[in-house]
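One chain, subunit A, appears in both complexes that follow, with subunit B as partner in the first and subunit C in the second.
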Partner chain A sequence: MTANDRQAEAVVTPPVPPAAEQDRVETEGARADRPSALARVLDTGVGRNLGLVAVLVVLCVIGVSTADTFATTSNLLTILTSASIIGVITVGVTVVIIGGGIDLSVGKVMALASVWATTVATQSYGPAVMVFCALAVGAGCGLVNGVLIAYGRIVPFIVTLAMLISAQGLAERISGKRSQIVTDPTIAAIATTRVLGIPLLVYIFAAVVAVGWVLLNRTTFGRRTFAIGGNPEAARLAGLHVRRHTVLLYVISGLCAGIAAIMIASLTTTGSSTHGTLYELDAIAAVIIGGTLLTGGRGTLIGSILGVLVFTTITNLFILNNLATEVQNIAKGLIIVAAVLFQSRARRADT
Partner chain B sequence: MAEPERSEVDPTVSDLPTPLLQMRGIVKEFPGVRALDGVDLDVAAGEVHCLLGQNGAGKSTLIKVLAGAHRPDSGEIRWAGSPIVFGSPHDADAAGIATIHQELDLVPGLSVAENIVLGHEPGRFGFSSPRSAENVARALLRRLGHPEIPPRRELGRLSAAGQQIVSMARALSRDARLIVMDEPSAVLDADEVDNLFRVVRELTADGVAVVYISHRLEEIRRIGDRVTVLKDGRTVARNLSAPQTPTSEVIRLMTGRAIEYVFPDRGPTPTGDVVLEVDGLSRRGEFADVSFTVRAGEVVGLAGLVGSGRSEILETVYGARRPTTGTVRARGKKLPGGSVPAAVRAGMGLAPEERKSQGLLMSEPVYRNVSLPALGRFARAGFLSGGAELAAAAEITAQLDVRPPDPTRPVRTLSGGNQQKVVLARWLLEECSILLLDEPTRGVDVGARSEIYALIRRLAARGVAVLLVSSEVPEVLGLADRVLVVREGRVVREAPATELDEGRVLDLVMEGRDREGSRL
Partner chain C sequence: MPDLPEPVRSLGRRGFLAGAVAVGAGAALAACTSNTPPPAAAPAPAGGNTAAAPAAPGRPVTIGFSAPAADHGWIAAIAANAQAEAAKYPDVTYAPVNPTNDITQQIAAIDTLINQKVDALVILPNDGSQLTSQGTKAMQAGIPVVNLDRIFDSPLAYRTWIGGDNYGMGVSAGNYIGTQLKQRNVANPIIGEIAGIDSLPLTQERSRGFKDALATYGFSVGPRQAADFTAQGGQRVTANLLQAAPRLDAVWNHDDDQGIGVLAAIQQAGRSEFFMVGGAGSANAMRAIQADNTVLKATVTYPPTMAGSAVALARLIAQGRGMSDLVEQEVPASITLASATVTKENVAQYLPLGFES
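For the complex of A and B:
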């Protein structure tokens, strides 16, 4: 090709490679990233959840075959009720983890909120103020967490660990390390009320999950949460208010802890600094087996909730069969490891 | 264009008598793709062997096979004449093959010396001897011409170039007989590249073989002895003479075409309104007193070395860094310093230098990457309507010819050039009027580059003001209407691109002086 020809070609045709060639390269590249059929199914939110649904089904089969009472309505409602409190907490923790953070303080923030809402002084103002107090304490703790993390630039692990410890301390201080009895009949009635045969606690749980799901999947807030968790620098350079958003994530988590505080105060009819011990770990474990990346940016709320149900069902099975709780924790540990192994296999096949 | 005949694309010059490394018919398959489909490579002791190929041609896979990270499905590797199997990175290491990866595989928290001897710590009975490690490190760094790097310094506190030197020292400490360098110059200045080449020459004089990979073809001519070209997982030419093979021939082999980058026509001098005014912008320790304007429809290029402050200027204009003094006005409105959201609201957009880590959500689909800044437009009271978003993103990516044309595909499955188009599509959708581009063609292969250039021009023709940073001087000169030359944090020259040539700009960025002696 002479120099003249080359110039002529440069002028006449846009300087792109022949389309067929480019397509070939691209489809080749695309095929490299096309995962195997199994991995593809597992990689979708539904697929990962299907795995957990399968685990749940297996657990139910074990339940039905080992305990006569497992498949009764009352037992299933027991499972759902005991899942409801940790479930509400898990919603908040899922949102934070997808957003690239971690919240270790949820259990003790719940304890603090339950204590604050059930002091004699608070109870004297009636149920509305009690609920308000619990939510405000939860959201307030979340706000402190979020501001320290986003504006103070301290690692979330440290901030929320410090919050866990100090919330515990404050709860003990306020309550004098005593359980505070819930005397308000309205609050006490939350746990005993049933609508259409289903406990009110389960409705609250379902409502929080529904709101959380819509927030994560159908709003700009949710989309930005995934973006910030997936690549905070890219999110910042795309003009997102990353810090403000991060604060809100922790406020949401705190708020969920506040809601859970009312639920547990009602269920146990006490506010106590001993509530919620190790709830943060249960919640994080549920999030992990639900397929959410601990590094943020990817995950599903439904997965987390299934994770909660799996753990609660295991507990229920052990109780029905009069097995020791120690063994139960070993089983949970194994499930976490198995779930993560399974997911990382699927993901590796994917890349 | 017809596929070139095989006989034509295999102009093997000669097989050397006893190559140090001989690879024949290497095949490596991954689920769904043949990354390597019969690769041949000969490397002789004491030569710089350049490995060329577009992104996706199989270079990285081949390097990983060499490093023992991937086991080939078939093919033969001979090392110093006898067949060898690299079952693990340890085998390759033991044979004397060291790889300096593009993403440096060093430990930022350890000291320079600790990194250099990592895995081979001198010492006895499991007790390491820091002093002898430091001595080893000091000797190697001196040999590499960098005695100023303190062996005790924490590695993470060195510059990218410094880390590269440490990585090389690490390879040397293993008595490597073959060193693979994957785009070593990507993070280096011209000065540092010179030094790198000096080191490479010393190594080859000692009989070490170097496999050198770079996108910069002019470097191949400067440092290379022989060239092997990969395309679509195959060797299309091997053992070409690096100094004698014409660049156009190399490009033709890589792409199947014979065009070097073609810069689009500039068109008439832009006379639009001034939309970006930067006045006395400074950031302590980075740059000082930078003032310039950009008109609508104009492309202004910032030329300068790595570390000259050009990227910092761009990021400060964008609000990603807070200026110490000075103001930025976008479309007449003064921006608060250090606020990206304010800059975006004022119509600015940035295509950052590190596309993967700063620009994109790699595992998210294309359309979500495109809609990120403009998300609010597709929502009512915060609730998204997915259809409108997807449709808008599909339209804009089709306009930019993003391939494959499927906006729901994860961004990480796209080639570098198409990923860059996704970043541009994002700001197009946001209808930004001031576009800041930091190294828009980094990691973009030869074919897609011209497309990106044409795209930038098209945007300018639509009235977008473009501020461009590039370390490749021809790119700045070919693309920009006006060029600002930055040196040590100051603008030393501002001139229409047509009044400058590559030599003058290089003089300016190195010496701060024009060849004619006019100093600003």
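For the complex of A and C:
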């Protein structure tokens, strides 16, 4: 992954000359590899996320020393399972933020998709239709977001905030504000199925991360995303279809929310309008402590995932030690600040 | 800056196909929003005491009703119960105002009802303290107020208060767990507690009752975590709590709505060495107790049927009548409901009162 993170970053660091042709933008990365071997080593994904890795290690040390059950396989799998849903959402949010946007609607789009997929009518058609419904609702909401942002020229913050509110309303409307129990055995089994001792949800999480990583780092699509996030005007002048690309980014984010909807419906055995409350902030917090710039054009998916793992591990750690919720929240706030401080120090030391 | 048009692509066939897919997907999705259960499973209307026939009709009265918007099953059941009870009386005109979670909107809604000069008001405030002045205002305008559940700060703000007993709920749960563990001769049991939102007074009351009741058996609460009254929060907290406690003897979960997630987490972890008590009394929880195939063995009620009782009380007060089985000529000023313990033995009796979460 390291080489490609480097490429990705290189696309945006030098301001792209206005007259650059499209393929010049897309191959910029290859040339940027040259400057210095030392910088290359330090500027790898792991290097840049050193702060987060350190925080995670510290958390694990605290875990092992304060709770006997921390280092057990079943506890580690619990952490990964807890991380899987917010993790899938975070993949979509990372892609959007790298592309220079923001998506506040993910949590409630997930809620809407989970509700839509678990109505009595949908469940009567079987699991395939339920999955289709969740994915289509997610992607559809993303499409609306994307079109309004790219072609309607409204600020992403406003569009996705409006989507958050209306998706919440629609979810309440459809569900009648009740929790819709998943009666379909196939969907319910997703959360209980284990393959080689690892829950299926963790595989889904891993698969989404892998696809997202390949998309961002190994494809033209990914290079264009970094280019557009870094300098949309230059990207447009270079001949990239900025608006069409922006729409796609939001569709990806919506699709991730749709996947997460099926996962949460299975994990909680319900579809509910209360799902995903404040997930957008959790996801954005994870993306930011993962080192992705809020302004776009620079960031790593791996950092975001590390961020998610840090948050889930904190929750686990506090429950293992039977600490009250308010203490957890105080500590979470402190750890966010500490991680970002540590991160920026580590990065400054690198350069 | 001029907005240069993007190169026009051959939209023809691709655009048509994409459009067709979108329309098809839209149509399929629209067909999926129905929540009407198939006819075989008759929809269970929330609550309603079917046994009691309404008392003799009195003079016609209009009863105003204001409650928070339903964001979970219990509040939804409150509105449904009030409506169902009012429909039973031919002499009652039921005037509900649009439910809202916004304090200022609820204040405005109550003002509207006062201006309409309804004969009695049933109010479940979003926040008792913040709506006390509205209750006082209605009382001063000569409209008796039945304060439902969340209590106003001043007795001047209501004619009668009726509500559940959060402390009593904790006591009922504690007593059930204590008795069961004593019967099984468990020494030093590990008792878990999954609370609702810790910052709410009702959660603190429930936990205090639970702790006090367990103390009479010489037991104490072990691992305790607060979720957030949602299935998602219940699942997350429970999955982690089960890791913290490799062995448990009993668990009390404050709320059956979040209990859906709690049960899911327990099943996903494959744990069954303990028994669980729920809270509030949802129909789902009662069906699980009846089926007796999960760790959920009992639930302690916090019945939303109180909304029906509140409407009935408002009717009696407006008509100037007392409660027929009491000697007094007036409706009492305060009624605290008892928290019943629903187990497999008596679940059939309570199931019609359970609310759909």
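By definition in this document, the second predicted complex is superposed on the first by the 296 of 351 C-alpha atoms of A that agree within 3 Å, B and C clash if a C-alpha of one lies under 4 Å from a C-alpha of the other, contacts with A are read in each partner's own complex, and residues count from 1 in each chain.
Going forward, contacts are C-beta pairs under 8 Å (C-beta built on N, C-alpha and C of every residue); 3 or more make two chains touch, one makes a residue touch a chain.
Keep in mind the model is a prediction, meaning the values are calculated, not measured.
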Touched partner set for A:322, first subunit B, second subunit C, both or neither: second
Touched partner set for A:186, first subunit B, second subunit C, both or neither: neither
Subunit B versus subunit C as contact partner of A:241, first or second or both or neither: both
First, second, both or neither for A:275, with subunit B first and subunit C second: second
First (subunit B), second (subunit C), both or neither touched by A:166: neither
Touching partner for A:177 - first (subunit B), second (subunit C), both, neither: second
Set intersection of subunit A contacts, subunit C complex versus subunit B complex: 236, 241
List of subunit B residues in touch with subunit A within their complex: 1, 30-33, 35, 54, 56, 232, 255-259, 261-262, 318, 320, 340-341, 343-345, 350, 352, 357-364, 368, 372-373, 375-376, 379, 382-384, 403-404, 409-410, 412-415, 418, 426, 447, 450-451, 454
Touch list for subunit A against partner subunit C, complex: 67, 69, 72, 74-75, 78, 81-82, 116-117, 119-122, 124-125, 129, 132-133, 136-137, 140, 172, 174-181, 191-192, 199, 236, 241, 243-244, 264, 267-270, 272-277, 315-316, 319-322, 324-326
Subunit A-facing residues of subunit C, complex: 4, 6-7, 25-26, 28-29, 31-38, 69-73, 75-76, 198-199, 222-226, 228-232, 234-237, 239-244, 246, 257, 260-261, 263-264, 267-269, 284, 356-357
Parts of subunit A lying in touch with subunit B, wherever the complex brings them together: 1, 6, 9-10, 14-18, 21-36, 214, 218-221, 223-224, 226-227, 230-231, 233-241, 297-298, 349
